[in-house]
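Going in written order, the chains are labelled A, B, C and D, and every chain counts its residues from 1.
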Amino acid sequence: MLVRSEFDIQFHLPSQAAMVAMLHLHPSLERYTQQGNVLIIEHLDDGVAPNSGERIWAKEFIDSFGNRCSRFVAPAGLLRLSSTSVIDIEGEPDPMDESARQVPVEELPDEVLQFLLPSRYCQVDLFQSIALELFAGTHPGWPRAVAIRDWVHQHVQFDYMAARVTKTAMDVFNERVGVCRDFQHLAVTLSRCQNIPARYVTGQLGDIRWPYSGPGDFSAWYEVWLDGRWWTMDARHNQPRVGRVLMATGRDAADVAITTSFGEATLRHFWVESNEVDMDGNILINTDLALRGDAA
Amino acid sequence: MLVRSEFDIQFHLPSQAAMVAMLHLHPSLERYTQQGNVLIIEHLDDGVAPNSGERIWAKEFIDSFGNRCSRFVAPAGLLRLSSTSVIDIEGEPDPMDESARQVPVEELPDEVLQFLLPSRYCQVDLFQSIALELFAGTHPGWPRAVAIRDWVHQHVQFDYMAARVTKTAMDVFNERVGVCRDFQHLAVTLSRCQNIPARYVTGQLGDIRWPYSGPGDFSAWYEVWLDGRWWTMDARHNQPRVGRVLMATGRDAADVAITTSFGEATLRHFWVESNEVDMDGNILINTDLALRGDAA
Amino acid sequence: MLVRSEFDIQFHLPSQAAMVAMLHLHPSLERYTQQGNVLIIEHLDDGVAPNSGERIWAKEFIDSFGNRCSRFVAPAGLLRLSSTSVIDIEGEPDPMDESARQVPVEELPDEVLQFLLPSRYCQVDLFQSIALELFAGTHPGWPRAVAIRDWVHQHVQFDYMAARVTKTAMDVFNERVGVCRDFQHLAVTLSRCQNIPARYVTGQLGDIRWPYSGPGDFSAWYEVWLDGRWWTMDARHNQPRVGRVLMATGRDAADVAITTSFGEATLRHFWVESNEVDMDGNILINTDLALRGDAA
Amino acid sequence: MLVRSEFDIQFHLPSQAAMVAMLHLHPSLERYTQQGNVLIIEHLDDGVAPNSGERIWAKEFIDSFGNRCSRFVAPAGLLRLSSTSVIDIEGEPDPMDESARQVPVEELPDEVLQFLLPSRYCQVDLFQSIALELFAGTHPGWPRAVAIRDWVHQHVQFDYMAARVTKTAMDVFNERVGVCRDFQHLAVTLSRCQNIPARYVTGQLGDIRWPYSGPGDFSAWYEVWLDGRWWTMDARHNQPRVGRVLMATGRDAADVAITTSFGEATLRHFWVESNEVDMDGNILINTDLALRGDAA
């Protein structure tokens, strides 16, 4: 299936600042990319139309997790980051395998071991006893990984107003409310406590083949390592979904911020969309699903 | 100068567990290594003499920070990790350069950028305003880096009893007491808030050319990136020292634990020493300094 | 001056729950009360007009801080709490006395001592060193109390979206954003660390003789004990104000919640207003101030 | 039975400081007191024998929880607080009643309601969901109160080294290690979340009719309100005990610190003992129990 992912994000900077963006498609998706995947960075004057601002050139690098990062110096004033990509990805829902076995720690690949460690928002060291008590009765491997994901989904409420940049997995466990990032941080932490390697993912997930759910946004989900590979998990939506577009993976949100500004930057505009399209670029909407949305 | 670093650490495991150890000298020191740097891992029966237990073989790998790591499966019972290394390192105190300039973020090497981010024990996001207020009056670069190190040294008390595995930089800032790890975590965090890349270091630092200070231990210090290179800093001792033997570097203690056990393991024995030696292996003690220790 | 304070708050309860409300005027204001100060508690059916619902009777008591509390059992369904009071208070701004001396701990009244202790949202034990460092250079008494209030006002941003029930003074110190409750918690904590007794206050503070600032709400401020009496302080507004109507005082927000429900209760309607009125009940608006508001 | 409670606590103060002590027997025990209950406060010179130092006179008051508090100004130098009391208390173990019913919130006495609220070390607001999940399956009243006490006893390890003044119930829940204060804070918090009023208690509990367990100390336990009265609970020892000597009750340890110093004070000497005695003051030791201690 063809997916078109687009965004237009604008910041105002009172003075020049270095920035890092992780807004490209993930390098693993490059061979499926049909169009775009170019990050356009512009310095806008107020009266300037999109794509006609002064272009700012970024230097790119691959971080230690394999993500494509862009570095640049943004001048004072209005900054616009935008991109449109079309990608041909498999139209299948997130794969599942109830027989996927838990890999003993000693058999994990070297580079996977780090995804068992505590990180900024995933305080594995604080949750050892909690995770043991909650999931002791589950079977290792796929059933345990899913039990963790389901538990988080059922015990945390979604609320856009409950987001904050300092919010940790322990905060989520206590407050039981958050945004997608928070659901995944808690699930990642509990998985690691059970010796299931888990990493945090950012990407785009529109309402593809799914009822309309409101204005678009970037999304977060996570992956667990079972039976020799990474599997997509999503403690917020908790449904196999179609059309996830991977952007970056890391230990938690600290590693894969969409943008990091080393200086003040105020968000002024935020538009993100991801849609299934046909060969001519027309957006496909599944009428049945739209109806299902009405009924929900 | 020749330094001999030795340790003998023993754990009791109630059942088999996978372990990871970061107990070798740092790869950057290999060319200066004259003897040893072999990690001996043994399964001891109670009556077995050192070095005569059943040998356990480890697999080695280099992690994303460039550290040499050993993985192995420890059987139930008594486990001994030991090593003796002799290394020929420069006999100069930690280098200093008061003119070392702060590198603007946009000029930092790609791989150094990650040492500005928040990590498990270094909650950069919580300290932004605090760090700004404390060090706004200092000059960027070396003076600011040193002001941070000095501030931590002067405002935190050392107390072996105040250690705990979950202790963060914010805990240290509030409680003002800790062990060497805690001093460095707070200094690392405050440095990053000021856009000075900072990384956490584990190693050995005996009382070489220094008054006797008690039984040996591994040590922690940190490094800041200024003027195109890493500089050693130590917020606990806060004195240029001779004879540091580097073992591992990372974002914080979560990345460079001496040993990580994926299963229960109780420390039973702990002996660490690092001494200056002559060509014949005799330990050199500086009498003047020993006297100075008496006088202190 | 005459002030009319009114509110209409409605909750939906899925099932019966015990509740405690602290919605009366403070007992110290009783002799100035001209009308009302009756808390009307009603069980509303959807089609029922205000004041015509089934009346619920509350039992009253005075808590250990001297506040008037109402206890009742709210049935499942819609609950309405409302009141209108007219009170004749002094039309002077919050009193100030730059010479008010700090009372040595040994001379404090017994019942004031508790306002030096840590409490749920005011973690005095975590701020000892911080407070000492920030305010060591100030003069004890009024100047120090004001320095604390000013510091909080200048270093914390107001944002309605940044409220949460679990937010502590330390969270405010780290995040530097909050609502009025958060400003006061941080100021109360820092005052106590300096041995200035401080207590948290809830009440009503409309835009009396002040430019319009948006829909009404209850407010929080705090009081410090200097020179033998309590003085009003307000780290959010940080301006002497006219027309504060006191409702309750305690160690922090945990002691003086407007309503506490021992069971689920969802806020459905919230209207609070406090205005200066004339003898006939007409609201007085100061045109000059309204203009000043426009200019601001 | 007769119990003799004694202590001798010494601090060094670098400069004069106001202090508050809560070291008397609880006022409710006055009528059972046979000897002593006099708090002797002395300023010691180094060469001065106990009870011959300069006597410091304290002012007493009863706090809002009904505890007897002593206020005084301690001069710079060595301070000694000591007392010996003999009290005739019931020789029965802590009462139990498995049929004690949970009192609905609406029927609780007014003054008991405050023991449902969050306090400094008992963050009821953070534990709502946790407590619900852990104890949803238990029966209200005595069974639920005991299930909470047992759970804490079984899931927290005792370790003298794990004490710290800032440690909260949430820290205990995460770290699973602590001293008696920590066990009780967690149990108090979980009880309140279940609408069981719970208050923190300090007192003395020697090894009366119990195997020797080491040098004496003050102790903490807690009380829950069920069926119209307070019941003693002890999540650390979790055994009905004989010979508890009550000193103070409050919302948590912040309310009932043995001593609070408003200025620096370093503990220099600490001796506490509580023993069963005969009419002549001879200590009674139960040989059977001593043996049981050996066997344990």
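The rule is simple: a contact is a pair of C-beta atoms (placed from the backbone, for glycine too) under 8 Å apart; a residue touches a chain by one contact, two chains touch by 3 or more.
Note that the coordinates shown come from a computational prediction; the quantities given were computed from them, not determined experimentally.
When you average the Cα atoms of each chain and compare centres, the chain farthest from chain A turns out to be D.
Superposing the C-alpha atoms of chain A onto those of chain B requires a rotation of 180 degrees, given to the nearest 5. Of the two chain pairs examined here, A-C and A-D, the one linked by more C-beta pairs in contact is A-D. Annotation: 34 Å between the Cα-based centres of chain C and chain D.
The distance from the centre of chain A to the centre of chain C, with each centre set as the mean of the Cα atoms, comes to 41 Å.
Note on chain placement: the centre of chain A and the centre of chain D lie 50 Å apart, centres being C-alpha means. Across the assembly, chain C contributes 126, 166, 174-175 as residues in contact with two or more other chains. Residues 126-127, 129-130, 133, 155, 170, 173-176 of chain D are the ones that touch chain A when the two sit in their complex. Those residues of chain D that touch chain B in the complex are listed here as 161-162, 164, 166, 174-175.
Those residues of chain D that touch chain C in the complex are listed here as 18, 20, 61, 63-65, 69, 71-73, 104-106, 110-111, 113-114, 116-120, 123, 125-126, 165-166, 195, 254-255, 260, 262.
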